[in-house]
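Once you scroll down, you'll see the structures, which are given as structure tokens.
What follows is chain A paired twice: with chain B in the first complex and chain C in the second.
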Partner chain A sequence: MEIRVNPTRMELNRLKTRLTMARRGHKLLKDKRDELIRQFVILVRENKELREQTEKALSGAFARFLLARAAMPIESLENALMYPTRRLSLKVTRENIMSVYAPKFEWEETAVTEEGGIYPYGFVDTSAELDSSIETISRVMSQLMELAEVEKATQLLAVEIEKTRRRVNALEYVLIPQMEETIRYITMKLEENERGALVRLMKIKDVVRASR
Partner chain B sequence: MSTYKIAVIGDKDSILGFKTLGIDTFPVADAGEGLAVLRRLSGQSYGVIFVTEELAEELKDPLEELNRRFLPAVVLIPNSRGALGIGMQNIKQKVEKAIGADILFRKEG
Partner chain C sequence: MAVSKNKYAYAVGRVRVLETRLFDYGRLDRMLEAATAEESLKVLAESSYGNHFAEATGVHDFEIILSKEMAYVIAEFEKMSPQPEMVALMALNQDFHNLKVLFKCKYLGRQGEEPLLPPGMIPLKRLRSGVEEENFRDLPPVIRRAAENILMEFALSPDPQLIELHLDRALFEMKLAVAREGGSVFLVELFQREIDLLNINTFLRVKKMGRSKEFLQLALLPGGLLEEALFLNLLGEGLEGLIDRLANSPYGEIAAEGIRGWMEEGSAIRLEKLADDYITGYLRQRKSPPFGLEPLIGYLWGKQIEIKNIRLILVGKINGLPVEAIRERLRHVYL
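Presenting the complex of A and B:
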């Protein structure tokens, strides 16, 4: 399919500039896509590993938490966990990965209690499973934050890669072939006109010569 | 630079342990409640929201929308019934979407 245009020299020139522009854009976008994919692969590998680790740790912690819940009356469990011992403050900065902005988390935990322990309760009426469950969760926290960061970055990158690939394909398979086709059409039309003009001149010359 | 908060949404049994760490916990019983909480939180200054996989399965579309935004980062966590593999599945889908082929899990499958 060609673009419908007037077959004129001006149009031809204009199309030729557009074509070189499109080719350059195509090359740039292709480079961008390749680099994005490279970054994405690195991050997604990390993502997978982190998720495996945290999932394992957290599942264990939750299983023990369930045991603790079974061993203790629910009221005393809730009482034990009523007050947080930590205060988390999260700071977010932006990280630029190939002009994709991904959040980078910086977090800080401050102890609320004086002793600074992670357990908000005394050890008298709680079960040991609860202790180990809380301990694991608090240990896993930094991994979880890292996971959040990496996962967000890969999500955003995936979206960007898809977008870039669409653009590359649109240029490569639609816009550039279309323009090439149209340029061919115009050149052919112009040559045809030229030939037509030449033939006309020769004919006129013949007529003039015969009438003399 | 402002500070952000961290939240966890899921069934009560699973998320109670997070409370002691200073994370805001939002126990929900079903998906409808979860959606309401999620909507509310996404409008506030939460930087990271942890959601249990069980709940996330019911809230696919709203979560997908959040995934395209800069913040908050939604992270799926297993709950007390163990990991369902949805978080992993999501990674796999991401890879397929971005690259067009599964390069991470190919050896296992």
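Presenting the complex of A and C:
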């Protein structure tokens, strides 16, 4: 469907400029989309690998944690873990991937004491199962942070790709054809007018010639 | 001060009746084979635990039932025993647990919702005011010493593990001291065995953590039959050395099997179970005297093991662990 406009030469010129701009925009957006998808695929691969690693480690840790839980009263477990020995400070900055601002984490893990270990509990009330579970969870922590970073970036990129794709499609299948159609309509209308004027002129010429 | 053994006649008579009501393998099996955790809980409801069901609203509240039952049993035993303080020793770890929680809450500045256990020998109020005011004069000397050490060391290095290690040492020091004071050779020997078994486990854990000799020294409990030096000297060596050194001790078999399990699977499940079973067997052999403390302590230990087994089954059932995985962790019953 063409756009409803006055079929004037001025309108035609305006539309032509808009069309070239739309075409240029379309090409740019298409490039952007392709690059976004390329980045996205890299991130998704990284994400998948990280997630698999982390999930494997964590499910092992959780299974052991459950067994530790089964071997001790809940109060003992809570007491064992109520005072953390590690402190994590997190700084969030932003990274620009194709004008998508993905969060970038910088973290630092510090111990509450210099010589202390990661285990905040003694050995009498706790089961040794708890040790290996805590050890794994503490090891997985930095992987988890990385995963969070990559996963968020992937999500943001996916949203941006979707948006860009919609824009590209709108330009390609709606706006550009519409404008082309309208330009054709105006050109035809103008030519029609021209032909009309020509015929009128010839007719007048005939009349004038006959009356002489 | 030793108490005439005749005074135990009544208490032992009652224990003999109570013993028959401990969970046997059949009942544990019924809980284990039940289709759901709710079904398992029903088996529990048919027993003496049924009295505490009013306070639990669902299957996740089983811990309330278990701790109420233990508190009830301890209270009953204290009433009927001629030496209540000896019975209370079996619940002394609860006081120490509470003390640990109170210390940590104090240092974390946390209030309310403390994971406390019912008090054993020492009223909670005394522990709380001691920790809050940093004044431990009202508490037994062993606790006072440990608490003062904690205050001093925590100020230098705020490591929560220090609280635990100091109080764990103090717990067994106090257990041994009260048992000696009460003239019970039996209890002293029992606690020494408990200390040794815990030390073997601690040794393995500390070794795996790769900590120093000094740390191991602090983590090991003093007063056991096995010398602390034995463990300290073996820290840098392979575990085979420990198996050899323990071969001629009362724990030869446990050590060999448990430590092999640790080396092969990297898990202490086997060792922890064997250690509990060892104590159960030790007490079972000594429950025969008709007048004495032995049957009482044996029953209380048996009850603790029963609760451990029930907890294993229920946690396993709630989380859908395979029956076999639960079964291999179940402790021997005292019966």
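Please note the rule applied: the second predicted complex is superposed on the first by the 211 of 212 C-alpha atoms of A that agree within 3 Å, B and C clash if a C-alpha of one lies under 4 Å from a C-alpha of the other, contacts with A are read in each partner's own complex, and residues count from 1 in each chain.
We adopt the following convention: a residue touches a chain if its C-beta (ideal position, glycine included) is under 8 Å from a C-beta of that chain, and two chains touch if they have at least 3 such contacts.
The model shown is predicted, which means the values in this text are computed figures rather than measured ones.
Steric overlap between chain B and chain C is absent once the structures are superposed on chain A; the two fit side by side.
Contacts of A:66 after superposition on the shared chain: both chain B and chain C are touched. Applying the stated contact rule after C-alpha superposition, one finds that A:119 touches each of chain B and chain C. Within the superposed three-chain model, A:25 lies out of touch with both chain B and chain C [touch as defined at top]. In the superposition on chain A, contact of A:129 is made with chain C only, not with chain B. In the superposed model, A:93 lies in contact with chain B only, and not with chain C.
Contact with chain C, but none with chain B, is seen for A:75 once the two complexes are overlaid on the shared chain. Of the two partners, chain B and chain C, it is B that touches more residues of chain A. Of the two partner chains placed around the shared chain by superposition, chain B and chain C are both touched by A:85.
When the two complexes are overlaid on their common chain A, residue A:41 makes contact with chain B while staying clear of chain C.
Touch criterion met: A:157 reaches chain B, while chain C stays clear of it.
After superposing the two complexes on chain A, the shortest C-alpha to C-alpha distance between chain B and chain C comes to 6 Å. Comparing the two complexes, residues 66, 69, 78, 82-85, 112, 119-120 of chain A contact chain B in one case and chain C in the other. Of all residues in chain A, only 37, 40-41, 44-45, 47-48, 51-52, 54-55, 58-59, 61-63, 65-66, 69, 77-78, 81-94, 101-103, 105, 107, 109, 112, 118-120, 133-134, 137-138, 141, 144-145, 147-149, 151-152, 154-159, 161-162 touch chain B in the complex they form. Against chain C, in their complex, chain A makes its touches with residues 66-67, 69-71, 73-76, 78-80, 82-85, 112-117, 119-125, 127-129, 131-132. On the side of chain B, the complex with chain A involves touching residues 1, 3-6, 13-14, 16-23, 47-48, 50, 67-68, 70-71, 73, 75, 77-80, 82-83, 87-88, 91, 94-95, 97-99, 103-104. Of all the residues in chain C, the ones that touch chain A in their complex are 63, 66-67, 93, 97, 100-101, 104-105, 107-108, 110, 115-117, 157-161, 163-165, 167-168, 171-172, 198, 201-202, 204-206, 208-209, 211, 219, 221, 266-269, 271-272, 308, 311-312, 315-316, 319, 321, 326, 329.
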